[in-house]
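A, B, C and D label the chains in the order they appear, each numbered from 1.
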Amino acid sequence: TIEHIFKEIFKASLELQEDDHRKALLVSRKKKPEDTVITLKGHQVGSGEPSFVFGPCAVESYEQVATVAKAIKDKGFKLMRGGAYKPRTSPYDFQGLGEEGLKILKQVADEYDLAVISEIVNPADVEMAAKYIDVIQIGARNMQNFELLKAAGAIDKPVLLKRGLAATIEEFINAAEYIMSQGNGNIILCERGIRTYEKATRNTLDISAVPILKKETHLPVMVDVTHSTGRRDLLIPTAKAALAIGADGVMAEVHPDPAVALSDSAQQMDLKQFDEFVKEVQPFSQQSGMRI
Amino acid sequence: TIEHIFKEIFKASLELQEDDHRKALLVSRKKKPEDTVITLKGHQVGSGEPSFVFGPCAVESYEQVATVAKAIKDKGFKLMRGGAYKPRTSPYDFQGLGEEGLKILKQVADEYDLAVISEIVNPADVEMAAKYIDVIQIGARNMQNFELLKAAGAIDKPVLLKRGLAATIEEFINAAEYIMSQGNGNIILCERGIRTYEKATRNTLDISAVPILKKETHLPVMVDVTHSTGRRDLLIPTAKAALAIGADGVMAEVHPDPAVALSDSAQQMDLKQFDEFVKEVQPFSQQSGMRI
Amino acid sequence: TIEHIFKEIFKASLELQEDDHRKALLVSRKKKPEDTVITLKGHQVGSGEPSFVFGPCAVESYEQVATVAKAIKDKGFKLMRGGAYKPRTSPYDFQGLGEEGLKILKQVADEYDLAVISEIVNPADVEMAAKYIDVIQIGARNMQNFELLKAAGAIDKPVLLKRGLAATIEEFINAAEYIMSQGNGNIILCERGIRTYEKATRNTLDISAVPILKKETHLPVMVDVTHSTGRRDLLIPTAKAALAIGADGVMAEVHPDPAVALSDSAQQMDLKQFDEFVKEVQPFSQQSGMRI
Amino acid sequence: TIEHIFKEIFKASLELQEDDHRKALLVSRKKKPEDTVITLKGHQVGSGEPSFVFGPCAVESYEQVATVAKAIKDKGFKLMRGGAYKPRTSPYDFQGLGEEGLKILKQVADEYDLAVISEIVNPADVEMAAKYIDVIQIGARNMQNFELLKAAGAIDKPVLLKRGLAATIEEFINAAEYIMSQGNGNIILCERGIRTYEKATRNTLDISAVPILKKETHLPVMVDVTHSTGRRDLLIPTAKAALAIGADGVMAEVHPDPAVALSDSAQQMDLKQFDEFVKEVQPFSQQSGMRI
């Protein structure tokens, strides 16, 4: 057993090195104790006030996006989402409008003075996309598409990184490190549910990930209540839980007419449900004195 | 394909029957739309005001339990937990004090006028236990120990039923139905985390289960923040999330000296942490105007 | 960091103790290097020759069991299964014939000279059941019903212990230790699939568990191909895989008329499928020179 | 309920369409009942004889690859693997030699007359890589990197597609469809373990996926025993199980000196273990009369 002790001493020194290594992560609080705050068209993400991101799953037309943009602006929000490149399980499902969709987003964003977030799926498209949109989203399926992470890290544009379907929190943090190691530290992390055996919800919202990510990193953390639950009836309660636990923001999908949506029709809110969502969630965040 | 249509018509009528069957569940909202409220030594669980259950993982001695009971009473709470029968992974780990532990719980509960919750693991012990304690707890490992469920359903004593380690919400609801079908409808459901691939927390708190259970059943729903996270640093944020999402109560473990606890020493709060927990969580539930 | 080194030295000595503890497990190979062989009416389980256990999910009538018993005997097998106590998700599903079912099993087993395996779910029934059956089965839902494990450990009758729905291999081994620590070392372990996100099969057969259990313990290991897959079309290939990887036996459900079965009708083989199963799997185990 | 019946009739016709859609999948057996056979330097994958793929996790040097290549050729095998682009959790881990690595693979493959399989991670690299290697591998993390799938589908080179970490079988089949829908039907599917709660193995080998994939598609199916188990001591038994259940081939990592490997050092076989593996697994596949 003396042999074992020596083996452990050796192991301990190895771990020390590893620990130093981890300490060195650019995204870690150990490296930078202050919160990273990201400013988007004047709105600050990560400053203590909750941020809200709304918009359709996929960009379908100018009219569709403009209708939602108007509702967002009317409620005083600043951030809009909309997918132009849609990663879909089947190659025969609607794949998004591509660059055309990005152009629509830019036009609408300019008209309504909103910052726009859209998913990019090919490293070759990152630079092009940066001309149209305010935040590059890297989706759950691409969380370990390291070439895409590196490409997003090489430009000067905020990145919203979603947690992978079955990614550990440690892998998620390392994925963010891929981006930051290329020079781009403007990263928003987004918990969007993980895959478990439970089928009552589309995914299982791992709410505890929020305080862990806030503790381990200096990055803003959002919760996507639409993809984590996949159920319209859970959007309001999970949004409250997300804000209560300390998330910097909430994402939810809004579509003028979900029934005819080209993707995810079952889980998007229509404009009336959007009203109700805001009426329920906004005062909650104020009354509960979040961050004060 | 006309054949297929007919097959589907047949299937649809089958499903209708099944749906009726589900409608018939005694624990369902369909059967009883009003919330079930359970009164424990004057305190109401499920009435809209959040309930808090504190206490040590295991009963170790009169002094240990009394110390915690005093702290609970001083803060104005009414519900205490403490394990006398401990289901442990290894047969060589501390198995609890058994009936002796229940006697200690009763003595302390009487002295401090608290209602006490304790886990019972053998159907043969249910009646005996009912003499000492106010709520029979059925633990996660026994959620589908149907003989135990039936025994708990046959007595006139509230039951706190924890969700199984890998139970679906549907299985959880059916386990409660086992109890109620024997005549006992005073059941508190308790979400305590599910087993997933993620290892940053002991289990993954399935926070969305709370609104689903509230919607599907008329029973009070609590969240055990200790067992779901297994991390002392997550107790406060997850308790806030639980209340924000609509849980009727929160359970958390408190021990006078966690370092020497005979079980789960790493995750129990000491009395100072307990103070801090209450100072953070209680005003949150008031300010956020929960249930008003 | 010198401090850290010392902490690690301390940790290492702790681990050494823990390792000794593990070494001490009665079910471990470290404790007893030779394979445990269990003899049932002359048939040896764990001796190197594969064992096969067939029979209906639930005992429904004398005729039903006798029909299957005859088919089993005609094929030269010795082990039959059949459930008299059925743990069912809903309290309104068929719960088994109880002691009446055990009597039927005994009568048929005597007539066809078979050894019979049946699940017991209440500690209070273990002694009674031992009069009727040759092997006490403890089912997946009760793998951590420690009172039941202790009761089964206190009698002189072999026990077939199924792995829990979401039990780790370590928990499974410790559950067996609960039985053996009471004095009963005649334990057969049974892998029956674990709960994962994949829904193409009822559970996910964790085939790697077989060699791990064979390495860590001295107990025979079987694979239940019916419950792990829940699909009749996968019984033959998974049985081959189980034998190829070193399982001591295979369990599969056979019912004279699955369509009218009172439980699990979709996954049981009828007698013709049973013929085919034996015709495919038996020669495979011989040709592949298993264990020779 | 008459209303419900009509709703179901409508739903049924929708499902009919969906079913037709699924029937139309190019990779499905419904579309093409005969097995797809892929010929690589004269060796046929999917013809009924098992295929074996060996080689180091990562290409480190000409000498390293050549040493393994010689061992492969000496044993009469034809297929070699080796990673030039390594997707690693941390950006600070060895990322592979890139095109330099592909050149080494090509040189060695030419010298030893082997076909070589290597992972490509960027759609922009697919065409370049096709000049050096015989099979483009798409790794688990990129199974739903649809841009990469499309790029691999657009060239005339076989593709080995690994199942994603937490991909359902249905998603896996659809990922293959992305490739085939671009014109390239020479696809080998590879089961490599899925992520579950069990930590005794690196991943959980989902052995049942093999017969399901063989039934649902016409593509050859391999099993990667190294990544599914992550344990050297399980390579031989799981390889036997894979062949017994009907896999068309087995992949395993071999390194001349695993202890100094730049990645995955704990799970690669050294040359002596490689000998033993072949000595155990090859006769098994012959004696068990696989496919005859």
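Going forward, a contact is a pair of C-beta atoms (placed from the backbone, for glycine too) under 8 Å apart; a residue touches a chain by one contact, two chains touch by 3 or more.
Here the structure is a predicted model, which is why all the values come from computation and not from measurement.
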State the chain with the largest centre-to-centre distance from subunit B, centres being mean CA positions. D
Pair of chains joined by more contacts [C-beta pairs], A-C or A-D: A-D
Distance from subunit C to subunit A - Cα centre to Cα centre, in angstrom: 45
If you average the CA atoms of subunit A and of subunit D, how many Å lie between those two points? 31
Subunit A: positions in contact with at least two other chains: 166, 170, 195-197, 199
Subunit A - residues contacting subunit D, complex: 21, 87-92, 121-124, 141-142, 144-148, 165-166, 170-171, 174, 177-178, 181, 195
Show me the residue ranges of subunit B that touch subunit D in the complex, using the header's touch definition. 1, 4-5, 7-9, 11-13, 15-16, 166, 195-197, 199
Okay, in this complex, where on subunit D does subunit C touch? 166, 168-170, 194, 196-201, 204-212, 215, 228-229, 233-234, 237-238, 240-246, 284, 287-289
